[in-house]
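Lettered A, B, C and D in written order, each chain numbered from 1.
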C-alpha cells in the first residue's frame, strides 16, 4: 500500500508545475545545462522516515546548502566563541551578490554569505586531514550514505572563482582567514560540489530538526546548543534579502543553493528539501520557493504556529470485539497535523490490521488540519480497497473525508455506540 | 501551598539582581524618575495561569510594547494586504533612533519602529470611534482587566514629541498616512501611555502564544494567520539592531518599551513579561534583557528548540490499592519542561491528593529539564511537608531530586514493583 | 549696436531647444502650470554687465537657489564656527528626496538639502526682524532691485509642506533647530517663493564670482572667506547626486531650483543663470542642465581650466596716424576668452571709434577660444556695417573670422607693417 | 642671492613643525622604518621653476599619488569613454579602507581608491610593452628625470598584497579587469613603488596646473580636456572621506600617498608637494595636511578664490634717468600674489639690476597678499645688501615692508615724483 503522504507530495508537485521555472545559473556550463523542468520534493520526519516525489533521485550539487552544516561543524570543532570572533550572525540585508563584510573589521557578517562560508570552511582546515575530506564525511553521516564530489562541477567552478578568491584575499587581509586564500577557495568549491538528492537533503535537514541527532543512526552530530544557534542564523540570514518577508510568509528556517536546491527545517517536526534548477531574481530556485510556500501554507509548517507535538497521534491500538467479531481499534489523540498523522499512517502500512473491521476512535482528537484529513481519508480508502470495513468514531462528523465511492463501507459511530458494542 | 514555579521566578530575580540596571529613559521627567532598582517578571501559560514575582503589581507605561498588539489589530481591521501596502516587514538593521523609512517610497520599514507604529496607529483611525479608545479596549480584552492611560506620561510625551511629529509629517508627505500628523501622534502617544503591569503583559503575550485566543476568556482576538504573521515580524524586527544576536542567544520573539518593559512570546508555550526601568545602550531594559537571557537558557525557551508539547505531562490520575491502602497515582508522560510540569503542579495544588501515599509514575517520561526536576522536587517536598509519603516510579533514578531532609518519606520503586503491589 | 555676446546667447538658446524639456514640478498647481517651452539664459561679468537672452524677464520662484545666498548670510551673521556646529558640508551622495540627516547626530549633512536649508534659515531668525524680511533685503541687494515674494506660490507650498515640517520637527528633536518648526518652515517657504528672473540670478551669482562684492553697487555683501567657503559647498553639494559627474563634465559650482532655475558661478569670471521649468529625473531643469553643459564646453567655463584673467583683453587704446589718416588702435593682450573679449566689446560699443580705420593689434594675444573668435568677428562685422575699415595685426592669420561678405573691408597686416605705416 | 620664496618655505616648515607627526604606515617594514620627523615642501610654478625646502631631496615611494597621473595616461591611451565604462568618477564618501565597488555593477567608484587604481593600471596593459615600464617613462617625463622603482618596497608590498589581490579578483569577476589579477596587482605595486622627491612631485603637479604641458620641456603629456577631467576627479575623490571639509578649508585638488607624500594642483598657478611620513587617522600625512592648510590659507591658494593671473606681475623693465643717474625701473601690475611675485623675483635674481638705484613702480598694483608683501620686502632687502638703493612708487605706502635695518636705503616716492625726476 503506497503511503498517502507520497500521494500528497505528488499533488504538491503538480500544483507547483504552473510556476515559471526561471533559468538555471549560467556562470558555469555544468549548471547552465540543467533541465529547468526538473522538480523534486522530499520530507523527512524526525524519526528519519523520508517521503519523496518527483525527480527525487536526481543528483545535483549542494552548493550554498552546504553552508549551515559546515558552520555547525565549525562550531563543534572550534567552539562557538572562536567562530563568533571570525564570523558575525547579523543579516546582511542585501542581495546575494553583496560582499557583506563588516566595514569596520572586514569580517564577514554571517556564515550564509560566501565570505562567511569561506571563512567557516577554513576553520575546519586544521590538523592533518583536509577540510573537504572531513566535510564529505560529515555530509555522509548526515545523509546516511556515501556522498561524493561532482568533479566536473568542482573543476568548472575553480576555473571561474574570481569572486570567491577576491573575498578570500580580503578576508586574509582583514585577519579573518588563516589559510592561504587559494587553498580555502579550492576547498570551499569542493564542499559546494558535493552531489546530493532531495532525499539526502531532507535527511540532513531532519538531523537539524531533531536537535542535532541523525534520526536513523541515532548519532549526535551537533550539540543541541549548536543546532539551536545554527537554526537562529538560518532564520535571519538564510534566504538572502527579504528575510522579513520569508519569515512572515514561509516561516521556515531555510537555505538555498544555486544549483536549485532548498532545505527547510521545522524544529522538532520535519526536514524538507526541494529542487528545481531554474532561479528567480534573488538566486533562489523559483519553483523551490513556490513549493516551500505551498507546503508552509497547506501544512501549517510555520515556525510561529503554536508548537504541535511531533509524536504519534496514535494513543493506542488494540483488538476489540464488536458484535462478536474481532476488530482493530486505533485510538487517536491530539491534533492531527501532517507530522503526527504520518506516524499513524506509517504504523498502519507497516503492520496492517488483520481484522476485516477497523475502528478509528477520533473522539479524543482536538484539531485536524485539512492535509491530515486528506491523508487520513486516503488511508481509509486504501484499507477499503484492501477489503476492510471502516468504523469512524467521529466527534463532529467532519473529521475525515472518505472518497465518495468508498462510503458504503464506512460507518460513523459515536463513542457510546462503540462502548456498547465492544462491551 | 505556594507554587514552586513562583519560587523559581523568585530565584530568577535574585540571579539577575547583579546586573547593573542602567539609567531610566530621561527625555521626560515621568520616565526619568523611575526607580532603577525595580524588577519584575511574569509568565503566563497558554492556559492563562500567570506566575509573577518581584514588583509584579507596579504600573508602568506600555510604550513600544503596544506596537505588536496594535499592529495585529490593524491587520484584523484593514486586512493584511492593506497593511503591507503601508508598512513593510523588513528589519531596519539599524539603531532604535533611525528613521527607517524606505528610501524609495518613504514608507516605514516595519511596524516595530516609531514611523511604522504611527502609521499603524493611524490605520485604526477610521469610523466614528477614536483609535486610542479602540486600542484601550483591545488592551483591556488582552489583559482581562480595565487598562487606563497614564495621563501624566501622555501629557509629558506630547510636549516633546518633535521626533514623532517629524516622522508623521514625513509619512504624510510620502502618502503613508491619511490622518493629520498631529492627530496621529497624539493618538499614538496615548496608545504608548497605557499603564500596565508585568502580569498584564504576560497575559497579553500569552494570547499571542495561544494563536490569538485570550486564554482565560477564550475570546479569539486575532486570527491564527495574523498572530503568526505578527510573531514573524517580532522575530526579525522586535529588538532593534542585533536581531541576529537576539535570535541566536535568546531566541524568543520579543518587544521592549522605553519604560523598561519587555514581552516575549513562545508560540504554543508561554507569554513572558519582564520589567526594570534602567536601559542599556540599545534602549532596552538592561535587567530585562538579562532576565530574558536567563529564562531562555535555563528553561530552554528558544524558538529553535525542537518543539515540546505544551500539554499536560499528566497522562492520568487514579486511585490504586497498594498494600491494602488507597494511594493516588499520577502517571506522567512526555518531556518534563517548565510549561508541562507547570500544569501538573497546578493540578496537584488545586486538587491535593486525599491519600497519604502519592505515587508518581515517571516511567513514561522521556526527558526532564533541570528546571522541571527542580520544580517537581519542590512539589514533592511540599507534599511531604503536608504529611504525604511519596513513591517515585523512576526509570533511571535521576528524574527528580527531592530535597535531602524529605528523603526518608520517599520510596523509589520500579514499574514492576508497582504492578505487583497494586495488583 | 547689439552686443555680439547677446547673439551668442541667442544661438545657445537655439542650440538647446532640441532638448526635451521634461515636466514641470507638479506638487503644487502654481509650479505645475508653468510653460515647459520657456527658456532663458543670462550671464553677468564680475563687472556687473548682464547679458540675457530668451525669456529673460519672465519671473519664477527662486526655490532652492535661495539656499547658497542664505547660507552665506548665516555665516556672516552667526560666524562660520556656529554654522558648522549645526550644518555639515559633506555631500549627501544621495537623491534630492533623501533626508540626509547625519545618523549619529541628526544634524543635516549640508546646507544645500532641505533639512540643512531650513536649519540655515532658522539661524537668521534672531533679533527683532523676521528672517524672511532680512532675506528679501539680501536678495534685493544682490539683484540690485526690489525682490518680492510670489504670495500665491508661498500659500500653495505652505499647504503641502509636510515633508519640510517633518524635517523641521526632526531637526528640533535633534537639537539642530531653535525656532518653532512651523515658524521655520513658514519662513523657509517664503524665502523659496522670492520671485526672480535669470537677470537677477546672474547678478546674484556674479556677486559670488566677484568674491562677495556686488559688482554694480560695490557693496561687500559676503566676506571673501565666506564666499570661498560657500563656493566649496556648492561644488560638492550643489547638484544633488552625481556630484563627480557634474564636476568633471560641467565643472561650475551651481545650484538648481525646482521652479526650473539654475545658477552657476565661475570664481573671478562670471555669474550664470538659466531657466526652463521642465525637470529631469534628478529634479534639475532638463534644458537648464543642457545649457550649462553647452556653456561650459563652448566657453571653457570649467573650474579646472587654468585660470584665465577676467581683466580686459584691451591693453591700450590710442590714436595713431596711418598713411596720414587718423586711426583707432586697440592693442589686445593675453588669452581671448569670453569674459575678456566681453570687456573689449563692451568698450568698443560704448565708446565707438571715431576714425574710419580701426586697427586691432592682436600680436600680443596668446590664445583665442573659438567663442572669442566668433564674438570678435561679429564685432568687426558690425564696425564694418557702420562704415569702418578694419586692420588686423594678426600673428598667425587665424585669430579672427570675419564673416565673408565683410572681408573686402578687412586688411591683415603684420606688426612690422603697422610700425612702418604708423611711424 | 637666495630666493625669498625659499625663505618663505623654510618658514612654513618651521611653522608646521609643532604638528604631531603621527606614525608612519606600518604594514610593511620598509614604510614603518621611515623617520617621522622628516618634512619637506616644494612648489613649482607653471613655468617650471621649483622651490623646495626641508628634506627636499629625500626619496620616498609615490604610492597612491601615482593614481592621478596613471589615470590621465589611461584616458590618453584608451579614450575617456572607455575609461568611464570601467571606472566611475563619484566620491566614495567613505574611509580609505572601503572597497568602494558599485553594488550594482561591481565597478570601482573612482580611480583614486585602490580598486579603481588597479583597474586603471590594467588599462595600460595592452600592446607589447608592460604597463609599469610605460608608467615609469611617464613619471620620468613628468619629473624631467629618470624615475626608478624602489625594489625593496615593491618586494615587500608584493608579499602582503592580499587586499589588492582581493580587489583585483573581484574586479575580474565583475568584468572590470581584463588582465590576470596577480599580474595587475604586481604591476600596480611597481607603479606605487616609484621613488620620488617633493621636487619631482611638485613638477609633476605643475604639469597638471599647466593644462597638461610639462612646463620645462614644453611637451604636452595630457590633453587639456584630460587634465581638466582629472582635476575634477581629484577635487571630489582625492582626499578620501571628508571631501567637503577639504574642499571648503583647503580648496586644492590633491592626492596623498601612504608613504607620506601629498600633491596639490592649483590650475593655472602652481603644483605643490609636501612630505612627512607620519599619518593621521585618515591615512594622510599629518604634517603634510597641516602644511597644505597653511599654504592654502596664507597664499590664498584656494580653488574658489577669484582667479588671479599667473602671469608675471612685471609689466615692463626699463632704464630711466633719475637725477642724472641711470636707474632700473620695474613697473609692476595686477595683484601681487605668490605666483605672480615669484616671476618678478626670479627675473630680478637672474638678471640683477646693473644700476645702483632700483625703482619699483607699484602704482598699478591692485592688491597685495601678505605673503607677496613679505617676499617682495625680502627681495628689496637682498638688493640693499648687495649695495643697491631702492625707490618705491607706492600708491598707499603699505604695499611693502622692508625690514627695518634696511630702511635708510629705501625712499618712497609718488608716481609724480618719478615722472618729474625721470623727465
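By definition in this document, a residue touches a chain if its C-beta (ideal position, glycine included) is under 8 Å from a C-beta of that chain, and two chains touch if they have at least 3 such contacts.
Which protein is which chain? UniProt says A, B, C, D = Glutaminase.
Nothing here was measured: the structure is a model prediction, and the numbers come from that model.
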From the mean C-alpha coordinate of subunit B (Glutaminase) to that of subunit D (Glutaminase), what's the distance rounded to whole Å?
67
How big is the gap, in whole Å, between where the Cα atoms of subunit A (Glutaminase) centre and where those of subunit D (Glutaminase) centre?
65
Take the average of all CA coordinates in subunit A (Glutaminase), do the same for subunit B (Glutaminase), and state the distance between these two points in whole angstrom.
30
Where subunit D (Glutaminase) touches two or more other chains at once, by residue number
none
Pairwise touch network: line, ring, star, complete, or other
ring
Full set of chain pairs in contact is A-B, A-D, B-C, C-D
Quick one: which bits of subunit A (Glutaminase) touch subunit D (Glutaminase) in the complex? Just the residue numbers, please.
94-95, 97-99, 101, 103, 106, 162-163, 165-173, 181
Subunit D (Glutaminase) contact footprint on subunit C (Glutaminase) (complex, rising order)
46, 88-91, 93, 110, 209-211, 224, 227-229, 231-233, 235-237, 242-245, 247-248, 251, 253, 267-269, 302-311, 334
